[in-house]
Amino acid sequence: MFTELKREAYEANLEIPKQGLAIYTFGNVSAFDAARGVFAIKPSGVPYDELTPDLMVVVDLDGDIVEGSGRPSSDTKTHAVLYREFAGIRGVCHSHSMYAVAWAQACREIPVFGTTHADHLTEPIPVTEPMSDDAIERDYEVETGHQIVQRLRGLDPHEVEMIIVACHGPFTWGTSAQKAVYNSRVLEEIAQMAYLTRTINPIAPPIKETLIRKHYLRKHGAGAYYGQVETPDVIDGLK
Amino acid sequence: MFTELKREAYEANLEIPKQGLAIYTFGNVSAFDAARGVFAIKPSGVPYDELTPDLMVVVDLDGDIVEGSGRPSSDTKTHAVLYREFAGIRGVCHSHSMYAVAWAQACREIPVFGTTHADHLTEPIPVTEPMSDDAIERDYEVETGHQIVQRLRGLDPHEVEMIIVACHGPFTWGTSAQKAVYNSRVLEEIAQMAYLTRTINPIAPPIKETLIRKHYLRKHGAGAYYGQVETPDVIDGLK
Amino acid sequence: MFTELKREAYEANLEIPKQGLAIYTFGNVSAFDAARGVFAIKPSGVPYDELTPDLMVVVDLDGDIVEGSGRPSSDTKTHAVLYREFAGIRGVCHSHSMYAVAWAQACREIPVFGTTHADHLTEPIPVTEPMSDDAIERDYEVETGHQIVQRLRGLDPHEVEMIIVACHGPFTWGTSAQKAVYNSRVLEEIAQMAYLTRTINPIAPPIKETLIRKHYLRKHGAGAYYGQVETPDVIDGLK
Amino acid sequence: MFTELKREAYEANLEIPKQGLAIYTFGNVSAFDAARGVFAIKPSGVPYDELTPDLMVVVDLDGDIVEGSGRPSSDTKTHAVLYREFAGIRGVCHSHSMYAVAWAQACREIPVFGTTHADHLTEPIPVTEPMSDDAIERDYEVETGHQIVQRLRGLDPHEVEMIIVACHGPFTWGTSAQKAVYNSRVLEEIAQMAYLTRTINPIAPPIKETLIRKHYLRKHGAGAYYGQVETPDVIDGLK
């Protein structure tokens, strides 16, 4: 019944090891079908090279299983919160990629140090507040989603498609599952660039606002001129 | 006679180069048969791509050869001490993986900086005391085992399945040889994450106890909900 | 009509991912035909593994399309400025390679710390001035070219074939498109070596002038004795 | 006439890219035939994937060509000095590997921070004095050899088989060409471990003398017990 959705989730999950975003099973992607209010997600604890489209688990926005015989990812409820709250997104990705985790563990947001960052978003990569003991003990994965939504307040989730959960790691999203993984890979690249920048020059300043806007608008919005004409919104080959 | 045991050791040793844990022959894994009181271990100084199951050396808990024509790993007696002292473990892995060695050489334990660490253990990765001159000159590999056991005192070797031997490198263990290698790979990942965290924020604090317990218990114990139902103890695809 | 030129550009662009200089589509190379005053360049936003020679876009030195159905790289006008201003160059390469970007984001030139650097140029790798708001808002890619040309004033673009654009990343050039990519790979190597040197010894001095000249002249000019006799200008196997 | 010697040099040169010790043509190995007083070395500026055994250049200890139509490596005279001065060595390797170069550029010797180092030598990795202007302008490659020999004075070149040439990079040697490359790979590993150790703990001390001797003697000398019985001197699978 959800053949196409499960295939999309399956293929996006395969990108995680291909892009070097996780060892073993330390990451998961989901693909959302907004019309039916369900998403397909990686089964928990299954290595990427054992995945098949049929092993994907389809759940609704309460996290209840709609189709599939396995357990969904333990992070499923966080994905559900993001689909509920960020209208228009169709994919979510979570991993423990090295440099994004390092900034998460350092509890520091990533300043806009250069144009690679500004090509993708105009804001520092936000970091959530550390979670309260109460929230941790209540419904941890739901609360992780709330922390993300809370931190995004005042920002547009279609502009800022990535966040670092303090002490944990990155969550990214986008208009497709593939785009969500793409954003995780970009975040990892930006995180490593920022790490190196800081260690060369501990007082390196962020770049100026005009340069940020210029680079962002080369790739986004009505005046964008990056990519091909027939696919004006294309970012880096992802349709 | 020990066909199965030697195959298990052989396959686990192949994981060392595959996971990038050692160059040349700088690592070894063993698989333990508790009923017979013997373990199969890598022959000393033989490159991974020349290994065959038949080259594995089977030794008893005194380190005496039971089957095999080659010399066992020079670290064999350390493995033997761990099998004697840590009831229930079935595999031991030793390597000189890059970041674990860096912490070993810095003689520093690895704080619990994030959930990747807490997913696997609730304690800092312990580091042994430096060995006394006497112990070094006595029976070095046995004494290395004693240093590990000594440092584990008060900890549960089924919770803390990894340690850093000061000035040397990592030893890990687990309920199978594959699990022992898995723990070495995880330790390397945690060690690199901690390295980067420290260099971004030299005063980064460890994460709070509630978060540590939450993540550990997602994967371990009666209430665990990570992995698949039929294999409740599965961690990351390792049965 | 431009079959050969497009093939040269195509093959040089494939070197970008092969040499690890960019993820996704974060880099582009062009090949210049001086006689006809045109160059072939990567189409914008197309992944390297989807490129074919026919997808290369041929443009003149105003950046106007001469042949090709797609949009050329968004950095095309920067390439055009360099071909106009640096007589004799035949290739330009731009990427967001990791360590070169780190120095760009730190707004620091790369000192001549060793002979690997001196084998290729006798000067620190220059970094441009940050661009003014006016220039950013005028004709950004043309102005990027101007910043580069401005910074090269007083230097020979056939000796200094690489630069770091502040807050952005590397541009390199050379007597062919392949040589331009080669220079990007060398710059990345030098940038990483300098990064590590600085973090081991924050006050490491540049090497002495005699050693710089010696190494440069082993590979360049009438007395060069690196490479094979029949190809006296050969550098590292690139004809 | 030198078929076997050229094949040995050829195969050892192929190890350079395989072990990640150099990009493009930034490294060379030679194999020495002591009886005939000649060695085979990589031709200058030829990429590794274009090498064949027949392209190897055979030279005598003055660096004069005995067999081969190409130019030998520009570092040939340095190799010649080492074969003259270090009786018993049969291979020399030079590369610009990343971390060894970083220490070279920082002009710092590498302390014995751990057992990986002590498994191979009991001394810090020595670094040469910077070369005088006179020496640079005289006969640079010969003088590089002299700097190495000078720094090794008082040390045994069969114990210390590796050195860092200040501002330049590593030279290593051994009882065969393969062993020389092996030593380059080990040096690179030790150099990276030491880099990380220093940045975790800037005042990390070297390990104690008893531990150094213990590890060195596990692998070297009459009482060695690493490796297989039939090849008591085997180090890491290299016969």
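Think of it as A, B, C and D in the order they're written, each chain with its own count starting at 1.
What we mean here is this: a residue touches a chain if its C-beta (ideal position, glycine included) is under 8 Å from a C-beta of that chain, and two chains touch if they have at least 3 such contacts.
Listed by chain with UniProt protein names: A, B, C, D = L-ribulose-5-phosphate 4-epimerase.
On a predicted model such as this, the values are computed, not experimentally measured, just so you know.
Colleague: Which is it for copies chain B and chain D: same residues on both faces, with over half shared, or different residues?
Modeller: Mostly different residues form this interface, as fewer than half of the numbers used are common to both chains.
Colleague: Using Cα averages as centroids, what's the distance between chain B and chain D in whole Å?
Modeller: Distance between chain centres: 32 Å.
Colleague: Which whole number of Å gives the spacing of the CA centres of chain B and chain C?
Modeller: Here chain B and chain C have centroids separated by 46 Å.
Colleague: Which residues does chain A have that touch at least 2 chains other than itself?
Modeller: As it turns out, chain A has residues touching two or more other chains at 199.
Colleague: With chains as vertices and touches as edges, which is it: line, ring, star, complete or other?
Modeller: ring
Colleague: Run through the chains and report each pair that touches.
Modeller: A-B, A-C, B-D, C-D
Colleague: Quick one: which bits of chain D touch chain C in the complex? Just the residue numbers, please.
Modeller: These residues of chain D touch chain C: 23-26, 43-47, 50, 70-71, 74, 96, 98-99, 101-108, 130-131, 133, 136-137, 140, 167-169, 195, 198-199.
Colleague: Can you check the complex and tell me which residues of chain D touch chain B?
Modeller: Touch residues, chain D against chain B: 113-116, 182, 185-186, 189, 192-194, 196-197, 199-201, 204, 207-208, 210-211, 214, 218, 225-229, 231, 234-237.
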